[in-house]
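Pasting the structures in now, so scroll down.
Each of the two complexes below includes chain A, the first together with chain B, the second together with chain C.
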Partner chain A sequence: MSLRLGLGVSWRAQLALSIERYPQLGFVELMVEHFPSHKPLPQAVLNLLERGVQAVPHGLSLSLGGAEPPARERLREMEALARRCHAPLVSEHLAFVRARELESGHLLPVERTPESLEIVLDNLRQAQQALSRPLYLENIATIVDWPQPTWEEAEFLRLLVERSGCGLLLDVSNLYANSRNHGGDPLEFLSRIPLERIGYVHVGGGVEHDGIYHDTHAAPLPSEVIDLLEELCALCDPPGVLLERDDDFPGEQEFLEEMAKIEGAVRRGQRRRVEATV
Partner chain B sequence: MSFLFDLISLQFIQGPTFLFVYAGLMLACGIYLNGLRQGLRRSGIQEIPRRELNPYELAYLRDGGRRALATAVLQLEAKGGLQVDHETRPAPLTAIAGYQSEDPLEQVILSQAKPSVTLPELMCSPSVQGQIAALQADLQARNWLIAPERIRRVSKRASLALFCLAVMGLTRFWIGLLHNRPAMYLLAEVVFMFLAFWHFFSILPKRPAESDDYLEKMVRERSALAATARANPDALKSEDAALALALFGTAPLMLSLLPAPTYSSSVDHGSSFSCSSSSSSCSSSSSCSSSSSCSSSSSCGSSCSSFSSCGG
Partner chain C sequence: MNREQLLERQYQLLSCLVAAGPDPEGMPARRLRIVSRGLACKRRREALSSWPGLARLAGQVEPWFDLYAATHQRPAGGSPLLDGYQFNLWLARRGVAVAIRTVCECRPYRQSVVPRPAWQRHLLSLRYGLKEWWRRQSPEDTLKISLPTPV
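And now, the complex of A and B:
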C-alpha cells in the first residue's frame, strides 16, 4: 500500500486548536523528545488520532551521524511513540548532536567522507533493526560545513538512502537555507536526490541575521520556500507536506494562511506535473 | 442517670462482643449513608428536550458564580457588546452603545458597565448577585446541580448517625475508664469512625453524575482548546477564550479581569477581593469555611452546610 499522508503540521500545544480545526489535516508530527513513554499522550493528540489523523514520530536526538551508535533507550522511546500512535513511519535528522557525553544542543552536519558514510550506515542499520517502522532521514540546515567533502550533500543523501534502504524526509526550507548560505542550486539538488524515496516534506519560515539565513521555524513561510515546494511538486508527488512552526506561534487566521500557501504550492506543482506528462 | 448511660452504651453487652456490635453498627450506618450519597448522584437530568449549556452556565457548573460572571464578560466581549481593556488591571469593562442582549445576565452586566465597571465591582453588585442566584436556581431546577435541600438532608442524616455512634462509643469508653477496663480498641474504633465519616461525608457531591459526565465529555472534546489556552492564550479568539475560561479556568484569561496583586508585609491578600457585608464574604479562591456563609454569587452557591465544605 502506498504511503499517503496529505497536509500536516508539527504538533505544538500552542497550535493545538488551529490544528484541530484545520479541515484538510492529514497528519501531525510528534517530537519524540516531547512525548516520553512514561507520560500519556495529550488528549488533544488522542482526539486527532481517533479522528483518523495520522501521526509521525520525529526524533531530534538519535544522533545518527555521530561516532557512537544510537542509544538504545532513545530508540526504545521512538519505537514506543510509534506504537502508541500507530505511526506509518518515523523520521530523524542526518546530523550528530553529541560526542561522548557532550551534547551540542544543535543539529551538527555530518562529514561527507567514505568513513563517515560507513559510520552513518552502521548507525542507520542499528536504528532500523530497533524500529518496527520505516525510518526516514531528514536533510538539515547548516551554518558551517566540513571542508573538502568527498560528496555533495545530494550525492551523500542518495548514497545513504540507496545503501540503507531508508526513506527521505526532505526539508525544503533547509535546502533553501543551505543554498542561500553556502551557495548551490536547489533545483539541481532536487534533480540529484531519489525523489521517489521522499516520505514527506518539511516547510518552515526563517529570518536573516547578519547575512546568514536561519531556519528558525518562527516566521511566516518565505515565498522562496513556497516556490521551491512548488518546483518539487512539479517534479514528483510527495506523500505529505508538513508545516513546522516552533515559536512566535500564529493565531488561527495566520495559521490558515500559512496552510493555504502550502496547499496552493502543492496544487500548482501538481498541475504543472500533469500538464508536463500530457 | 447511671442507668441512662448504661443503656446508651449498651452495657448489657460484653466488652469484646460490643466491639463487634459497634463495628457492625458503623458498617450499617456507612452503607445506609453511602446509599443516600449515591442517590444524590443519581438525580438524573430531566430536561427534555435537552438544551445545551451556554459557556457561562458551563462555567457555573465547573466552578461557581465567579467563573460564570468572568465567562459572561468574555462572551459579551466576543459578541461585541462589551469593550474590555486587557491592558489595565482590573480591566475596565465598558458597554458598547446600542448593543442589545436577550440574556438576563448579559443585560445586567451591560447595565452595570455604563460608563464602565470592573469584575470585582460587578461581583459586588446586588443585581449581578441576584442574576447569579437565578442562574444557580435555574441549573438546580434543570437538575444540572443538586438542590441544596437534598444535600442538606443527607448531610443532616450523616451528622445524626455520627453523633449517635460517637455518643454511644465515647460513653462506653468513659465508663470503661471509670472501671479501669481496657477500652483502647473501642477508642480506636471511634477514631476510625470519625476519620471514615469525615472522608466520605464531609464533601457531598453538588452535581449529579450526568452533569459530571457531560462536563467530562466537554473537557475531553475541547482538550485542544485547553492546550492552546494554557500555552498561547493571546492567540485565542474571544469566543474561544470565553469557553476556555468556562471549562478550564485558564489563569491568564482571568488575570486581566482581576486586580493586580498587592504585597504587604503583614498579610498577602493576593488578588482577592471581597464584597463586604456583615454576613457574606468571598475570596478569590472561591472556598468557604464551614462557619461562613457565602453570597449567592460565590462559587459556593447556597449549598454550604455545617457538614459540607464548598468550592468547585
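And now, the complex of A and C:
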C-alpha cells in the first residue's frame, strides 16, 4: 500500500487545541526526545491517534552524521515511540549533534566527502537494523559548511538515499535557507534529488538578520517557501506536507491561515502537474 | 579518513562553537560566531523554558544562566530538561528558593526527570534548610556563593 499522510503539523503542547480542531489533519510529527518511553503520551496526542490521525516519530539527537555510531538507547526510544503510536515511518536529520563530551543542541552539517559518506552509510545501516519502520532522512539548514566538499548537497543526499535505501524527508524551508545563505538554485536542487523517495515535506518560517537567513520555525511562512512548495508539487506528489512551528506560537486564526497557505500551494502544484501530463 | 579522524574534525568544530575553541581551518569566522551565539541563545531559551519555576524568573535569571553555562557544558545527551535541572542545582546551591523546591521534588532519570520518593524530598528539604540556617550564621560564606548581580 502506498504511503499517504496528507497535511500535518509538528505537534506542540502550545498548539494542541488548534491541531485537534484542524479538520484536514492527516498526520502529526512527534519529537522523539519529547516523549520518553517511561512517560505516557499526552491525552491530546492519544485523542488524535484514536481519531485515526497518523503519527511520525521525528528525531533530533540520533546524530546519524556523527563520527560516533548512533546510541542504542536513542534508537530504542525512537522504536518505542514508533510502536506506541503505530507509526508508518520514522525520520531523522542528516546532521551531527555531538562529538565526544560536547553536545551542540542543534543540527550541524556533515562533510560531503567519500570517507564521510561511508561512515554515514554505516550509521544508517545500524539505525535501520534497530528500527522496524522505514527511516527517512531530512536535509538541514546550515550557516557554516565544511570547506572543499566532494559533492554538492543534492548529490550527497541522492547517494545516501540510493545506497542506504532510506527515504527522503525534504525540508523545503531548509532548501530555501541554504540557497539564501550559500547560493545555488533550489529548483536545480529539486531536479537532482530522487523525488520519488520523498515521504513527506517540511515547511516552516524564518527571519533574516544581518544578511543571514535563520530557519527559526518561529515566524509565518515566507511566500518564497510557499512558491517553492508549489514548484515541488508541480514536479511530484509528496505523500505528506507538514508545518513546523516551534516558537512564537500563532493563535488559531493565524494557524489556519498558515495551513491554508500550504493547502493552496499543494493544490496549485498538483493542478500544474496534471495539466502538464494532459 | 576513519571514524577517529572524522571525530577529531567534528570535535574541533563543536569545540569552536560551544567551548570557545579555535576556529577550524577554512570556515568563515563571522559565520562561526553567528552559529555560536545562536547555539548559546537556543540552549538558554530551551533550558529556561523547560522549567516553569525558571521561566517565572525571566528577565532576571538569564545572566545567571550565562555564568552557569560558561563552566558547564550541556549534559551528556543534550537534553534541555536535564540542562535546566543542572542549572536548578547550581541555583539551589546558592540558596534560590524556587530551584531548591525543584531539586527536592524531582531527580534526573535517563534524558528526563521523575518525581523523588517522599523520603528523599523530606531529607533534601531538611538538608537545604540546614544549609540556609548555616549560611545565615556565616555571612562570609554567603558572600562566596552568592549570585552575581544581574546585568
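Here is the rule we go by: the second predicted complex is superposed on the first by the 278 of 278 C-alpha atoms of A that agree within 3 Å, B and C clash if a C-alpha of one lies under 4 Å from a C-alpha of the other, contacts with A are read in each partner's own complex, and residues count from 1 in each chain.
The working rule: a contact is a pair of C-beta atoms (placed from the backbone, for glycine too) under 8 Å apart; a residue touches a chain by one contact, two chains touch by 3 or more.
Note that this is a predicted model, so its numbers are computed, not measured.
More residues of chain A lie in touch with C than with the remaining chain of the pair chain B and chain C.
Contacts of A:P250 after superposition: chain B is touched, whereas chain C is not reached. Those residues of chain A that touch chain B in the shared complex are 12-20, 42-44, 46-47, 249-252. Those residues of chain C whose C-beta lies close enough to touch chain A in the complex are 1-7, 9-11, 13-15, 17-19, 25-28, 31-32, 34-35, 38-39, 42-43, 45-46, 73-80, 109-112, 114.
Residues 33, 36, 38-39, 61, 66-68, 73, 77, 96-106, 108, 111, 113, 115-116, 119, 143-148, 210, 212, 214, 247 of chain A are the ones touching chain C in the complex. Interface residues of chain B facing chain A in the complex, by the touch rule stated above, are 220-221, 223-228, 230-232, 235-237, 240.
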